[in-house]
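In what comes next, chain A is part of two complexes: it sits with chain B in the first one and with chain C in the second one.
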Partner chain A sequence: MTAVDNTPVGAGSAGPDRGTSAPSHRAAPTRRRRPPTALLGVAGLVGLLVLVQILPSTPLVSSRYLPPATEILAALVELLGDGAFWSALGDTLTGWAIGLAVAVTAGIVLGVLIGSVPALRAVTASTIEFLRPIPSVALIPLAVLLYGTGLESTLLLVVYAAFWQVLVQVLYGVQDVDPVADETARSYGLGRWARIRHVIWPTSLPYVMTGVRLAAAVALVLAITAELVIGAPGLGNRIAVAQTSGAVDLMYALVVVTGLLGVGINLIARAVERRALSWHQSMRGEVIV
Partner chain B sequence: MRRPLVALTLAAALLVTAACGSDSSTDEAGGTDDVTDVTVGIIPIVDVAPIYLGEEKGFFAKRGINLTMESGQGGAAIVPGVVSEQFQFGFSNVTSLLTAQTRDVPVQIVANGVASTGNPDADFGGVVVREDSPIQTAADLAGKKVAVNTLKNIGDTSVRESVRKAGGNPDDIEFVEMAFPQMPAAVENGDVDAAWMVEPSLAIAKDAGGRVVAWNFVDTAPNLTVAVYFTSTKLAQENPELVERFQEAMAESLSYANAHPDEVRTVLRSYTDIDQAILDAMTLPLWPAEINRASIERVAELGLADGVFESEPDLDALLP
Partner chain C sequence: MRAAGVLKRAGLVVALPAVLLVVWWFSSAGSTSFYAPPLSKILGTFAETWTVERLRADVLPSLLRLAAGYAVAVLVGVALGVLVGSIRTVRATLEPVLEFFRAIPPPVLVPIIMLFAGIENTMKIVVIAAGCVWPILLNTVEGVRATDEVLSDTARSYGLTGPARLRHLVLPAASPQIAAGMRQALSIGIILMVISEMFAASNGLGFTIVQFQRTFAIPQMWTGILLLGLLGFALSVLFRFVEMRALAWYHGLRQAQRSS
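After this line comes the complex of A and B, so read on.
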């Protein structure tokens, strides 16, 4: 309720590892420790590149099937100048973004609805537990039958996989509401909508964020899988064509692109999550105390 | 190419009633002056070069067909896609369609797709072994581990026939399933004793020192029809005029591709990523305008003997 203006108050006690925006004299030691971690990350990447560079010249793998890193990177550079590549990347990101948006919206709305009505929760529990573990890829024949090989098929798989990630997290989040806070809100005469807005939503937010982060990664995996298997336009389809053509360097270059996409999506999701969570922790600190 | 899709075709047959209710596609069946949007489900491989070439040359446009190619990987999506009318036509190997026919999946062949060269020295598909392999002839494949792209399909049937013709015993060959692009590496690493592959994997394997010990298409039937274009029985009945236009355009495209191998190699660069050196080294298949019915009868016969089909395929119902 008074959550908006209390960020600095809670910051000292709530966020031991979130010192990025904290006073600078405190941040000094952590800043000194940080370069090594970043360096280690870079070193790991360089190590991987060196390994991929050396491996093909050993008898372990033939360079025919695993080209050295320099050749993969050369193919990658060539890709960047190819218009068809950018439109494939666009197709993949479109499928990912629309699918994720639908899944997150549906997951949050249904999660809050089901979670806050005990009867609904009881009725749907077993159905959710039955539907959730069905692998999205198992729905490929159905998707093709209903929507052919276009964007809709990709969306079906992406939404199905990402939706459960969000829904289940939201359900846990809603369940986690502090009964005292809820009772207090009731005794202050807050209506259902106000309680959702000021009690349930802030409590579920960290769960929602976890769900969104997981869903973002799963959505990318499924978008590319759908393109690879069904042949819907996008990076996955390009990988499949490169593979059937025996263009090994191009195929690995595309695989590298999907990896970079995954890293990018994860970084953004984490940044968003960190913001939302720091706000929430201070909020929760105050409510519990 | 060629997955049998037993499960998928079954799913298709079961769900087709559900899917039929949905929308569009049977649209303005009008006169030849109208332009009809036609979607063809294909696999982006060498075999379908004529349809790309034909589109480029305007063979479809001049018959009022506005062509869109939907490329499904491995063809898994094509039979269900055609049955549910997402695609008006599809590309599939003959054995998969024969299997579908014996399972009452409502499909019908409309045009030739691709055929073996019939040349016992150079075809677009063959069985490859490693350079230093003790296997010298098809007969030596007996009892060996041989990779095919799909079990219970044209690969194992035709390889068995090669072994039989060479005087070997095909009964104890161990067939394993593997995608074509993986085969050159599997042969070179010795994971399998031999692999049946088609272009461009065949050229890649030969480039890596592989040796062809059998031309299984050539051994199966003279000028074997390997794959064809097909449609749903429903569309064939409701819109025979569209089918006819497609057949004419396909026939012209196939003949053109057969006569212009250089243009085929050029058009291949538009929808595949095949390396130029491999592209030049590849053996192109034949693209006759007519389906070789005798060869399909032979495939049906061999497949029935090998237990690929549960009942005898009805060729009169399947062929145009």
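After this line comes the complex of A and C, so read on.
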């Protein structure tokens, strides 16, 4: 459970993945007596399903508001055979992927540019600090006016929200460049491009990866929000339709799908991060020491 | 010399925003586009749109709901987080479930919570709380788990248990992480405040902005977007100020570690 999402893996001592290396040999003897973690996790998920199954038949929760787990699962299975569901999923993923790609590219290019020119960084700092916290949902009315309910509306929100996540992390990363390494590169006569390629980029890659991971999650949230509120085609729109037509089990099934999508995107982003940073100290752990 | 330095810093802070505003002002000055009215018109409309009366009728309820939902999320998130974080078995059992709930995009909670809580204030507060609680909860778990073992053992050997342990060891140790979670939760909270009002409401900032858009009151809509932007900025400044004061010891420690 790595929760501090805004801490890059390479930064500081409290990297999110540190917990796996050092304390494990201490915990090993006790773990043998306890049930393994994976088993407990499965038990937790089963417990949740049982709870959702039982709750609607108690007077606590009406089954009109929360259908039993079996009904939600049945609706989910039915969805899997429904072509419209798959095209909605495709729409959501398209908006997510294009928006994320634009935001990541723009974030990295501008981040490296601004970060490596001190004057530019000094001039833009206040503007970035002001624009970043502006909630992207503020742009919803504008998106509706400009693009209606099309994909562009979704993209506008997704790109705006995801861009700042990447940009800010890249700026942190470029700032983290070791001055000695930079000066060494200079004295060996490396040009601007060579320094970006061989000094700045490797240093900021852990930060870039953190930014991409955060942006991937935010992009999904905004893609589904745009569909839900504006009515752009996609899973969010299907949830809104299911809600207004009173198909409660379908609505829950779709919400479960968005959750699974979120989990999936998280896992993929982590896997990509691990691969791209396999050479980095934070990923190799402390085995060598 | 120092005065010149301050002046230079202030200049750097103000320069680009000023340039951007000027560019916006002049490039939109002759604008006849219906959707992008001149900035002068937007600013002129600002004062007459957001009167004290309207601020009280629409912005205040939004902010109160945000504050209530956020407060509930902090209380529940920290309390549950301490519980889950300190007991290994509970943590292992709940981890996948919590990860799943965190991965659900918070805005899809709106239609679900509408079923249970209708469309009144309760719904909006519950939506905000239900969306904000996950980053706080998971960060608290992580913070509690990462408590320094030497400190933990020392506290134990001094017989520090129960509430005293919580007050003097666990919460301070986890507080930087809790703050990180609270910062994430704040931006989620603002999003949910607006979305829940766009969905169903009779007042509030999100409701008013959508109302302007639907009635094609375009300059007013722009002022709403500006106000929402200013609000997001102001809340993040406020958060950073409070965090700096509350965690002054932590930032000092980090700085000392870095310079050594």
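The definition used in the following text is that the second predicted complex is superposed on the first by the 246 of 289 C-alpha atoms of A that agree within 3 Å, B and C clash if a C-alpha of one lies under 4 Å from a C-alpha of the other, contacts with A are read in each partner's own complex, and residues count from 1 in each chain.
The rule we apply is simple: a residue touches a chain if its C-beta (ideal position, glycine included) is under 8 Å from a C-beta of that chain, and two chains touch if they have at least 3 such contacts.
Here the structure is a predicted model, which is why all the values come from computation and not from measurement.
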item	value
Chain B versus chain C as contact partner of A:Q169, first or second or both or neither	neither
Residue contacts with chain A in the superposition, chain B compared against chain C	C
First (chain B), second (chain C), both or neither touched by A:T210	neither
Chain B versus chain C as contact partner of A:A247, first or second or both or neither	first
Partner chain in contact with A:L45 - chain B first, chain C second, else both or neither	second
Contacts of A:T92 with chain B and chain C, given as first, second, both or neither	neither
Which of chain B and chain C A:G148 touches, first, second, both or neither	first
First (chain B), second (chain C), both or neither touched by A:V229	both
Touched partner set for A:N237, first chain B, second chain C, both or neither	first
Touched partner set for A:Y65, first chain B, second chain C, both or neither	both
Chain C-contacting residues of chain A that also contact chain B	64-65, 140-142, 144-146, 228-229, 240, 242-243
Complex contacts: residues of chain A adjacent to chain B	62, 64-65, 140-142, 144-150, 228-231, 237, 240-247, 250
Touching residues (chain side chain B, partner chain A) in the complex	7-8, 11-12, 15, 18-19, 22, 39, 41, 43-45, 70-74, 76-77, 80-81, 84, 86-87, 179-181, 184-185, 188, 200-201, 204, 208, 271-275, 278
Parts of chain C lying in touch with chain A, wherever the complex brings them together	12-17, 20, 35, 88-89, 91-108, 110-112, 114-116, 135, 138-139, 141-142, 145-146, 149, 177, 180-181, 183-184, 187, 190-191, 194-195, 198-199, 206, 209-210, 212-213, 218, 221, 224-225, 228-229, 232-233, 235-236, 254
Residues on chain A engaged by chain C in the complex (per definition of touch)	1-7, 12, 14, 16, 19, 23, 34, 37, 40-45, 47-48, 64-65, 122-127, 130, 132-142, 144-146, 217, 220-221, 224-225, 228-229, 236, 239-240, 242-243, 248, 251-252, 254-255, 258-263, 265-266
